[in-house]
């Protein structure tokens, strides 16, 4: 246990100080690349190191990166705002591709999210025994891919990292999954890549249609320079939205999500639900909106309906699920609906809500999946019919799960509430502006979701943890979570609490990138 | 005057071929023929090195030493052979492919002993010579002769396993269809000659530039397309591909899938972007290629789905690949051709790596069925990784080179306004993912049927590692090869 | 015979080519298919010579091409016969339709 | 003192954290922490009260806070607003919690999750106080939700009992439905006024109404949305169903949360946002009638219940109905006053019932009886409580209830007379069923001798709160002793006016003869039934069987709602799940894959293996292309 703590604290401290020295002086060490390289190197190290070190190495890397992430969050100069820690290396001049990393408020949050989930995931997969080495290699690779996607400001690299994350996921699900794992893995992969097919073509179309011959998002965001015609935007915005939406499980392209999470190993579903999925909403805000504001204005009100369907439909379907994990999966789909809905409002409040909700959903979903995984590991079944009264034998996990459920339900004091509240505020706002009265109709329906969520989550809590013990031999054999199992979950819970109790710094952070965006687009008017 | 550098590689290859035959006389037919193998490898490597002595090939991968000799492009036989940067690039691909093929064939014939290894190698070298000559042919007759050198030798190679019924059948099909389509090609040529009165490609371009389209001219162009499309197995002239790929010995399949495809594209590039890129014809054949490309992408990928035999699967995949490459080709211009060259280069490593893996596995298990690849991660991780990386690179998944390749191909297509082709291409590369992943799944996920390890020679290890590294690196950092390919492409237009 | 117009040659060549193609597509015996191909090649040769005559006899392009075609055709035929014989060894027939084990 | 008011919610929160993390294993320490914090909170509250009293009545309102989150143009604060209203609530909440926590020492003594219990209590108090001191709509909503959570946790404290688990879920979900309206209301406020601050909104509304930029109907709409929240939290009709089930929780919890404080939050919220409600008669009418209806409706149900706690629960419903109605008719002061008195005597009653249950381990009143012999203190205190709730002078209930009746009588809203008679009749019913309860439980002969023999007076820790509360149940009413009217002069809305306006006690009695009469009538009647046994309740039940069943089954509301949820929600869920599995997943997704594979299979049939077919394809292709191109 103490060795674990050491493995966590030492690298954390190291990176913290390391970054500190950097953040003071000029940008010596390429901070952002470190987020990508550290896990990557960890993967290589695991590859060559003997198997018994695998988990230590990746835990060390995770805490190192976590330290960096926290420090990044602290060091980001809110006064200056804009993109910071930018690294730029020309890559292919003739195609306007260059390796550009940079973070603004929103992506700082996302990077922080990645690091948190990476850390928790590394801990959760502590007791993986099957093909451990490969597991941790892929796990780390996945993270470096996602981190890259959140940091890169060049469409080429954005896409590259984005898909780079998908592949390890395929293997993680396929090898360490449960149930119809190979089917699920295939489905998940094919789905996400199908979504990205539109993205790729869209990016290229943007590149060749715009007048600035570059894939640099910053340059492309200047509509006056790119001169993308309204008709072009109207054709490509929906395609891009759907392309991004697929990874956020946009209805009706969501079915990979339940199956995928249903069979993914715990850490994989944590990372996927927590980080990869959030990429969809993020990329819409980062790419689709600034590049094609007119298309956005034209399409978002209609896409809002899709998002709304996500929220409610998934919530209702979750009511009838019989598998513990599937309920969570559907709830995550529903929450992504909230995110997309927030984006569709095209209002400061709504978009901020979307960002915060993305962050919160990342943390909370990761926490919930971690819990499910741990419980499954002990009860050896996920069928709700067989579970029951688990609080008797695992009170701590039970309590944590109630907390997680409340976070999902959007209880104030936990992160879920802030995002949802802002999203509703935004949606009503854009209805109120009269720009698109469609939102006035959608807003109350959207609020229904908070009731539905409450219903299915409490149903879950009741069926799994409350009531009498259904399966008698559950309580002798089942023990409560060990330190290693509790630690990551508690960690995530604390993060969620931080956001919930004092959201100001987080909201300010996201607003740093949202406010300019809104000025740039100018909302529905 | 004749500059020998213009056909130095071919010289190396041919002489290597003869040397091989001679050397064989002094060897016992039972011996492992190390000398022969050595000579062959040396010949190909020599050919590769000889490229450095070709002046002005800013594009040669080993361009460090090229920069020494700057200036004029070597020509021979009154300009019939001209080895410019473009052809050097193609030659590099072809020669590397030949090198791989040799390596593969060594493993292959260790598993299926034959007394005629020497002959095999000799013929292989001949056809390589043909292919490489084809890339620098500036004139129709030369082009034709080179082409036939390549083709006729590959007929022999395809049907090389005399005892094997499949191999024979493959050979016969390949031969009949090959001959048939080369007849079409020739008929096209004859009319081309009739219309222009010359056989020099650049001349043809000049003459045709002033002419208007006439049905016969179009017909001849179509026939030429048909004849050459056969070589790169572009649908609907692809029908031979699956059968031949499945039947032919694996090294030959590998050779066909890369070397003769490359040669075919080389011929296409010269003939069409120099000779026939005239207002009267260009719209026609570009549209034609657009259709053929899309058909090949769709057919290839769909038909690959139900396949069980991995070589047949690779055949269909190579049809689809031909479709992808054609999108770049028809986009043309500097961008398009750069994309084509780069993609061919990537394709070389991916395909060859996979075929090497296939051979090794087949040599161990004696099976080419996909389900027999179960548990490679346990039996030989490297092979597992090779399959994963190679196939996903073919599918165009980041971070593998195939991805950046597709990025440029489709980029080129879109830049010329063929967005729909790009869309179809992307969607069907997702379809392709399905069957590629089936293999990867068996290799990396499924439990092994028998977990007796598959041991590799150090060479094979090295080569596989190189392939993997190349593919991954080019995915992240395509810059150097891209620049070389770019200079090569530009060399066509001046 | 200098007054025979070009088109006549072309017609002849065309017809010959057609016949050859028919042979390729219709005849079942591998040898006859081969002969069909030879016919097609000869049609091509006629074309070349005709065009050569039409442009001018002094440039030997056409005839040279023809020579090459003939040579290569011969090589092709040699290889072809070899393969057909080897097929015959396996199947005891030279019927092209009997070799259809590779399909699907 | 006021500047430390932010400590009031904070301290219990800290207590919660401490207990959860550190002292789970040491029950006494946990209890000590929680009780001490509570005591200090009470002290603070008292201090704040006196500081307010020192101030000039016109400016008895102090507020301060800090930013919680900020997105232009909004700025959501977390802050404190201390004025008579919140001071009043602070006193009630802290005091009752303190007593209940002391009481729990005895009541929960043998429970293995003792510490957890106290941590929950602290968390609840923290959230409740957060709600009370809030100075803006968002924060009140936050506290609102948090008390909901605590009520969920405490109702489900004995989670292994399926009923408890169900009740907890029900409570949360039903509340959530109300909160949906509340949330929409809050969002709408944020939207219309671009701020959540009470004071600012108040001014903006006043301005808007003055210069007609704001339709009073619109304000009424907002008010009604907010009221949805109150309906849920204060368990008004039609969202009343959760409160009776909530009695599955430990009895002290019922006393604290489901009688004295949390359920009163709805009333408090209406009072807090009174300016929105009073802007338009519509909203007032809605509030008044919902309250009035709930009062009489719940009272009627209480007549036929057998579970001691459920009877009290329904009486709570009905009393809350009183308060709501009073606010609805403009009786701001009387409503709050009744809230205060009710907190005392209802807490007393619950704790008393708790002591009974503690003694007998039994909740069915028909298995009790004659307890007066064994449990003196409990009996006396319970009697006091009963008299208080029945509205017998000079007990607390009399003053507040009478004030409400006056308010209704004087009110000007639509057909107030209906409400008045309903209220009066409710008073009668209340007296009747409360004394029914008292007589059945404490007088007469023991019905279940086994449990009776084991019965014993509760320990000191439990009796002390009873006594204190009993004392209050007598005296609190005197705050509004005619002529003194201390309370009315302290807590009022708009400009001060004294309801009833009696100048001395005798005058008051004469004024409110009716309420006294009905109360006495109720008592006598129930005495005839259950004490002297002149009439037989059983016979009544038989003769009026349908009515009896209707009341006994609470007008079948649970069944009705259950049916709705089952049919519509879960019906829809079933359909959508089918749609998701069959249509979207198998149909669209796997379907496309299937089609692709099949097509591949079909296409690969073209690879016949006959070489001449291939040649034919080549020929055909050339021909077709040629034709297409040239024509």
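A, B, C and D are the chain letters, set down in written order, and residue numbers restart from 1 in every chain.
The rule we apply is simple: contacts are C-beta pairs under 8 Å (C-beta built on N, C-alpha and C of every residue); 3 or more make two chains touch, one makes a residue touch a chain.
Every value quoted in this text rests on a predicted model; they were computed, and no experiment measured them.
Trainee: Measuring between Cα centroids, what's the chain most distant from chain C?
Mentor: So the chain farthest away from chain C turns out to be D.
Trainee: Which chain lies at the heart of the structure, taking centres as C-alpha averages?
Mentor: A
Trainee: Count the C-beta pairs in contact for A-D and for B-D, then report the pair with the higher count.
Mentor: A-D
Trainee: Round to the nearest whole Å and give the separation of the Cα centres of chain A and chain D.
Mentor: Here chain A and chain D have centroids separated by 37 Å.
Trainee: Please tell me the distance, in whole Å, between the geometric centres of chain B and chain D computed from their C-alpha atoms.
Mentor: 78
Trainee: If you average the CA atoms of chain A and of chain C, how far apart do the two points sit, in angstrom?
Mentor: 66
Trainee: Distance from the CA centroid of chain A to that of chain B, rounded to the nearest Å?
Mentor: Centres of chain A and chain B (C-alpha means) sit 43 Å apart.
Trainee: Where in chain B do residues touch two or more of the other chains?
Mentor: 172-173, 176, 180, 184, 242-243, 434
Trainee: Show the residues in chain C shared as contacts by 2 or more other chains, in ascending order.
Mentor: As it turns out, chain C has residues touching two or more other chains at 24, 33, 96, 99-104.
Trainee: List, in ascending order, every residue of chain D touching at least 2 other chains.
Mentor: Residues 593, 604, 607, 609, 611, 615.
Trainee: Report the complete set of touching chain pairs.
Mentor: Applying the touch criterion to every chain pair yields A-B, A-D, B-C, B-D, C-D.
Trainee: Where on chain D is chain A touching in the complex?
Mentor: Against chain A, the touching part of chain D is residues 67-72, 74, 138, 141-142, 145-146, 149, 152-153, 156, 159-160, 162, 164-166, 168-169, 172-173, 176-177, 179-180, 183-184, 187-188, 190-191, 569-570, 572-574, 576-577, 580, 584-585, 588-589, 593.
Trainee: Give every residue of chain A touching chain B within the complex, in rising order.
Mentor: Answer in residue numbers: 91-92, 94-95, 131, 134, 156, 159-164, 166-167, 170-171, 174-175, 182, 185-186, 189-190, 193-194, 197-198, 200-201, 204-205, 207-208.
Trainee: Applying the document's contact rule, which stretches of chain D touch chain C when the two form their complex?
Mentor: By the definition above, chain D touches chain C via 604-605, 607-612, 615-616, 619.
Trainee: Quick check: in the complex, which residue numbers of chain B touch chain D?
Mentor: Within the complex, chain B touches chain D at residues 172-173, 176-177, 180-181, 184, 215, 218-219, 222-223, 226, 230, 236-237, 239-240, 242-243, 284, 288, 299, 302-307, 431, 434.
Trainee: Can you list the chain C residues touching chain B in their complex?
Mentor: 10, 13, 17, 20, 24, 30, 33-34, 37, 40-41, 43-44, 47-48, 50-51, 54-55, 59, 61-62, 64-65, 68-69, 72, 75-76, 79-80, 82-84, 86-87, 90-91, 96, 99-104
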